[in-house]
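Down below are the structures I want you to see.
Look at the two complexes coming up: subunit A is in both, with subunit B in one and subunit C in the other.
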Partner chain A sequence: MQTTESKGLLILFYACIAVFSAICLVPFVLAVSGSLSTESRIAAEGYSFWPRGFTFETYEFLFGSKAEQILRAYSMSVVVTVLGTLTAVLVTTAYAYVISVKGFKLKNFFAFFAYFTMLFSGGTLPWYLLSTKYYHLGDTLLGLFIPYVLSVFLMFLMANYFRSIPHEIVESAQIDGAGHLRIFFSIMIPLGRVGLITISLFYALQFWNDFYLPLMLVSDQDLYTIQYLMYNMMANIQFLASGNAAQVGGAIIAPPLETAKMAMTCLTVLPIAILYPFLQRFFVKGIVVGSVKG
Partner chain B sequence: MIQEAAPEKPGRQSLSLKLKAARTGSLRKSLRKDSSLYLLALPGIIILILFAYLPMSGLILVFKNYNYNDGIFGSPWAGFSNFEFFFSSMEDALRATRNTVMLNALYMLTGTFFSVAIAVILNELRSKWFIKVTQSVMFFPYFISWIIIGAILFSLLDYDKGILNQLFQSLGLAQMDWYSSPWLFVIILVLANIWKSAGYGAIIYYAVLQGIDTSYYEAARIDGASRWQIITKITIPMLIPSIILMTLLGIGGMLKGDLSMIMGVTFLNPLLLPTTDIIDVYVYRTAIRSGEFGFASAITLYQSVFGFILVLLANKLAGWYDKDSKLF
Partner chain C sequence: MKKKKGWLSLLLSAVFLLSACSQGNNESANSGDSGNSGSGGTAPAATADSGTGGTTLAPAKLKIVLYGDESNRMKELAKTDFYDVIKKEINAEVEFQFLPWTEYGGGKTDLMLSTGEDFATYTDANYMVKSVAKGLYADLTPYVGAAADLSKTVDEASFTAFQLDSKQYAIPVGNKPNSAEFYSVLVRQDLLEEAGMKQVTSLAELEQFYDKVHALHPELIGYASTDARRMLQYDFTDKNLYWQNDFIALDESAQNDQIINWFESDEFKAYAKLMRGWYEKGIIPKYAATNVPQLQSDWNSGKAMFWAGTAARPFEGAATISQAVPDAKLVNYFLGTGRPKISRGTYSTAFFVSAAAKDPERYVMFFNLLQKNQELYDLFAYGIKGTDYTLDDNGRLTKISTDSLIPDWLLMNKNFIRFDNTVPDDFIAKYKAWDDGAIISKGAGFNFDNTPVKNEETKLNGVFTEYLAPIGSGFSDYDTAFPKALERLKAAGIDKYIAEYQKQFSEWYAKSK
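Then we have the complex of A and B:
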């Protein structure tokens, strides 16, 4: 009796997880299928989980007449992700090292200096005015990553990794006459590489997916990232549909709009999907460590 | 005993002695040593000042009659007129606050429920490869930006071409105009949030469950407890402290809105604003897009101050609940 009840429950559990996992993947099937459909059939019959009139026309269109725009946005995203991640990792690990040095008198002060910004924030508006009017970050490459190069959360995560490095190693290096710069670059960075990879991945994901910074700071089309280009395509369609076209800048991409959106979706998700299987475990580790240590 | 341990001890002692000597060395030397620490912290300090501390001081904007040429600090003082404006258009402020808190509360409740459910169920399953594969799949949406989710949602929800309306039609039901039904769209936002972050949240709870001593389960099984009893009497009670803690800490973020989410999923569709006009969206619409700074500055200050109070309260509660979890 009990075992049959138990077994039934177990089958139900397997089913629940299988269904939810399927739901997590189905939207991507929709996107791939949409990108391989013909525009006219989508317009007439609607979206579908199976391509309507299997064709590569949309991709030919994107890499043909729109190639320059797409490739520019794509390479802008790559540049922002690479530059942003490199800068962020350097700034973050250096700060994390400082607050993890044993015996440094001001380490608690520096830790609180960073922590306080998680508690209290001036909000979007002063941030926006300072960034555009005073720091002149509007329409600059710098503006697309500099504001995000120190995530306090990731900094504390990194500091935890540094603290787990045996202190004896640092002590013996100090006795050998190594200064903090030397210890940081030739001991802490190599020994903290798991932490380093973890925070690099979190940063890279954030920079690749970000469209807040371009939304706030960019109007020059040469600086559009792939996410922001995507946003403009979507917003244009939406506003055209609701009769508010004047609210957004001129149309960026001419038809085939529906299939182009889906193709862009696939192109944007593709790099993440390719790297995901290899990198996933670092994210899991980072989340678990981060949630335990706050 | 002492002698046995001896070979190790002298080494350590001499090490710390040497270190002491190094520490009590010339003051200049230690200052120079520390100076490289300041150098390392400097980039971070600059970033924090530029993008966190100066914006805090920018909150004086609320007492200013802002104009672009004079900037934040040069614009003429306006006394409390921005607040008067704030109270005179209280309706907007209340709507934005209500939407922010309502959406955050819904995200938190449903997100926690699904994350915990996934973690508890995964904990019951025995097939290693099944757990591994499904966990990876359920975590994947966390890596997708809101704008991409918005694009895919559009193909599900669009009135003419959307999958859902095709389905409704084939079932003989009325088609739904999701993008002009603000209250129905709340459901969409909540479901989208579950889709994106339930797998992420489950990782934390699953990690907690992996840490539970297996002897509890063994004892329960020997006593003849059913699977359901084990879940409700052992697994879930074990998770309660983490759930309460995560919820309390979540209270601190109740007034923070996700502009990217609303922009990505609704494209600022005016028809949806009755429920999607959260504080961050309001500030973006009125100030950054339309250049009306007075009211937006007042609501920004209000969000900052009340947000701060909420964070302090959340920490206090979390600390009261569990001393170790207190963040400061």
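Then we have the complex of A and C:
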């Protein structure tokens, strides 16, 4: 079927993609190799693609001195990602169902209500006030995911997906006496599995990568997530290197070890890097499916 | 049917509300006791006996924000020994909150101030001026008395540095010799001796040092920074210059209120030419133009020959370098003599209290504890004797735990500081005598209110980064690049900015002298 010309093109495309992905891999390879190098050689010679003086010392050091902190942050990240994704998916699909269901008078109002927040937001200050003073999310586990449980974009994606499910199925269920809860849980959710997986992945990735909520709402170290721990470390190093520290009073603090930074990066990226190849097909599939009907 | 849909949406909104409101133990606990601390805490009688413990004081809750990483040991002590001692001394429960350095002077600190949280943290003069204009800092003037012990160990000039319209908006901490910051050259003495030299007393000798070491170790860079205007002033001017910011300098040897427009001065021209020479010669590496942070890591890993010095850098910096070069030795040299060292004041930083604080006086009493006596200083800076550190017969310190507590640069006070075994006696003597004969800058305590020239200042900062910093560091040639840069400066409003600065400075100068 394929002509030699299109085969040639295909090879060219694959070659381009291969080069592009190789470029994307470079920083990651440097991080891994940096984390496995010895500190003194990194200081003296800089980074390389192959570890300089191969050693696990950095990981031993990290797990020796900060093991407790890292493990706690790691488990906090897992808890937040799991709880956050579950809550977010429940809320998002429920909202999506409401605005996609046929015959509900206020559905346009609710759709606009959500859409409005995509265009206008109150800004950081009111958001912070609302979260801390009124919802009391400061220093709580809930504070680490509740503000993110409804992503309007993903909600519309899900709503579109629900709309693509033939209405006849819903109708026949209604004739059999099913209520909305029944339809939602027994028909829409199972049929909307692909969309569901897609938005779950998006949410999971967002919750895993987030450091903004802990930065804003959390001061208790027990609630630090791994990303925030990492952010904290990097932010402090950058600030001290930028020279602003001189203004504060000539603060000279030896920055954490280079290799430790790299090891932390690897630890943070690892779970996502392992899971991503298995799950990424849902990303593509889900977005395409949801976009057919708009 | 429709009813059911309505119920479903109602249920949804209920879930939203419930999940958002369900947890609030901490906050409500705080607001719950606001009545108690508000009534008893501000009683002025409490000021007098800050030394005898908190028996007469009503209980209070304080929140101290610090920037940087919280170590495990700090976390532990904050709940045990620190907590007990502070409770005993001033009957207050102190909670320490750590924020990343990015939030210093902005970010979350701003949010916390604007939303009326009750806390205290440290500040610099710039951030103070901005925040006081918005009414975010508490006026601490009535409570300065509560810092009686601190006032004895911290310079009086440090207090004036944090006053606006003779009101005290922040309490300074720290007392360290910090005159002539960056006016000396911090030289790798080990390299100097390797090159067969003993000391560096002039620019010619410094360049000679570079040449000799460069011949021995071509992989080393010369100067690990891009700004040498202070250390080189002995060569390009007869004045004793002290910079207020990037644009404005003062001549400390003249007894008048004249400010100097630095970039349009002959001194800048002479300085830019010196730096151009350094850049061409390779004393400042070529990559410095695009990668400034690399310079500092090069210095830290022992790959540079000299750096800008301060009184404390020979021992602070040696600790870092010795990881890469164990026998590195650092010595400060001045490239000229006969000009008094200038100091901005000896403080490390200063604590402010948020305007919404219920009990500002108790905060001041807490700051007082930080610098009250050797015993408390040891506790906050070094921890528990025997567990965190040991002292030998000479009072030299050996740390057992490397975890930092309340940052030691913040507390550093020459009356209390302890040195470790690696610091030679003659160095300590030199360090303590560093400020002898130093003068306080005639601009110390002046805080520029930038509101009338805010736009100009923003634009000028842009021009500075794009055009003037490269000239000042020798990356661009003065003769070819300066005319264009000057044009940009004028367009950005340098004249208006200088005039406004001069006006405010003269007014302040007339009032304060």
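Criterion: the second predicted complex is superposed on the first by the 251 of 294 C-alpha atoms of A that agree within 3 Å, B and C clash if a C-alpha of one lies under 4 Å from a C-alpha of the other, contacts with A are read in each partner's own complex, and residues count from 1 in each chain.
Everything that follows uses one rule, which is that a residue touches a chain if its C-beta (ideal position, glycine included) is under 8 Å from a C-beta of that chain, and two chains touch if they have at least 3 such contacts.
A quick note: this is a predicted structure, and the numbers were derived from the prediction, not measured.
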Chain touching more of subunit A, residue-wise (subunit B, subunit C): B
First, second, both or neither for A:Leu215, with subunit B first and subunit C second: both
Partner chain(s) touched by A:Gln280 [first = subunit B, second = subunit C, both, neither]: first
Partner chain(s) touched by A:Phe110 [first = subunit B, second = subunit C, both, neither]: both
Which superposed partner A:Phe20 touches (first subunit B, second subunit C, both, neither): first
First, second, both or neither for A:Val91, with subunit B first and subunit C second: both
Subunit B versus subunit C as contact partner of A:Ser75, first or second or both or neither: neither
Partner chain(s) touched by A:Met155 [first = subunit B, second = subunit C, both, neither]: first
Which of subunit B and subunit C A:Ser164 touches, first, second, both or neither: neither
Partner chain in contact with A:Leu205 - subunit B first, subunit C second, else both or neither: first
Overlap of the subunit B and subunit C footprints on subunit A, listed as residue numbers: 43, 91, 94-95, 97-98, 101, 103-104, 106, 110, 124-125, 128-129, 133, 135, 146, 149, 174, 179-181, 184, 215-216, 231, 235, 238-239, 242, 244
In the complex, subunit C residues that touch subunit A: 1-2, 4-6, 8-9, 12, 15-16, 19-24, 26-28, 67-70, 72, 75, 97-104, 108, 111, 114-115, 122, 124, 126, 174, 178, 181, 292-293, 296-297, 300-301, 303, 310, 312-313, 316-317, 319-320, 323-324, 347-349, 404, 407, 409-410
Touch list for subunit A against partner subunit B, complex: 2, 5-6, 9-10, 13-14, 16-18, 20-21, 23-25, 27-28, 30-31, 34, 42-43, 45-49, 90-92, 94-95, 97-98, 101, 103-104, 106, 110, 112-115, 117-131, 133-135, 146-147, 149-150, 155, 168, 171-172, 174-175, 179-181, 184, 205, 208-212, 215-216, 227, 230-231, 234-235, 237-239, 242, 244, 258, 261-262, 264-265, 268-269, 272-273, 276-277, 280, 283-284, 287-288, 291-292, 294
Residues of subunit B touching subunit A in the complex: 15, 18-19, 22-23, 32-34, 36-37, 39-41, 43-45, 47-48, 50-59, 61, 66, 68, 71-72, 117-118, 121-122, 124-125, 127, 130, 133-134, 136-141, 143-145, 147-152, 154-156, 158, 160-163, 165-166, 179, 195, 198-200, 203-204, 207, 224, 226-228, 246, 249, 259-260, 263-264, 267-271, 280, 283-284, 287-288, 293, 296-297, 300-301, 303-304, 307-308, 311-312, 325, 327-328
Partner subunit C, residues of subunit A touching it in the complex: 39-40, 43-44, 68-69, 87, 91, 94-95, 97-98, 101, 103-106, 110, 124-125, 128-129, 132-133, 135-143, 146, 149, 174, 179-181, 184, 215-216, 219, 221, 231-233, 235-236, 238-255
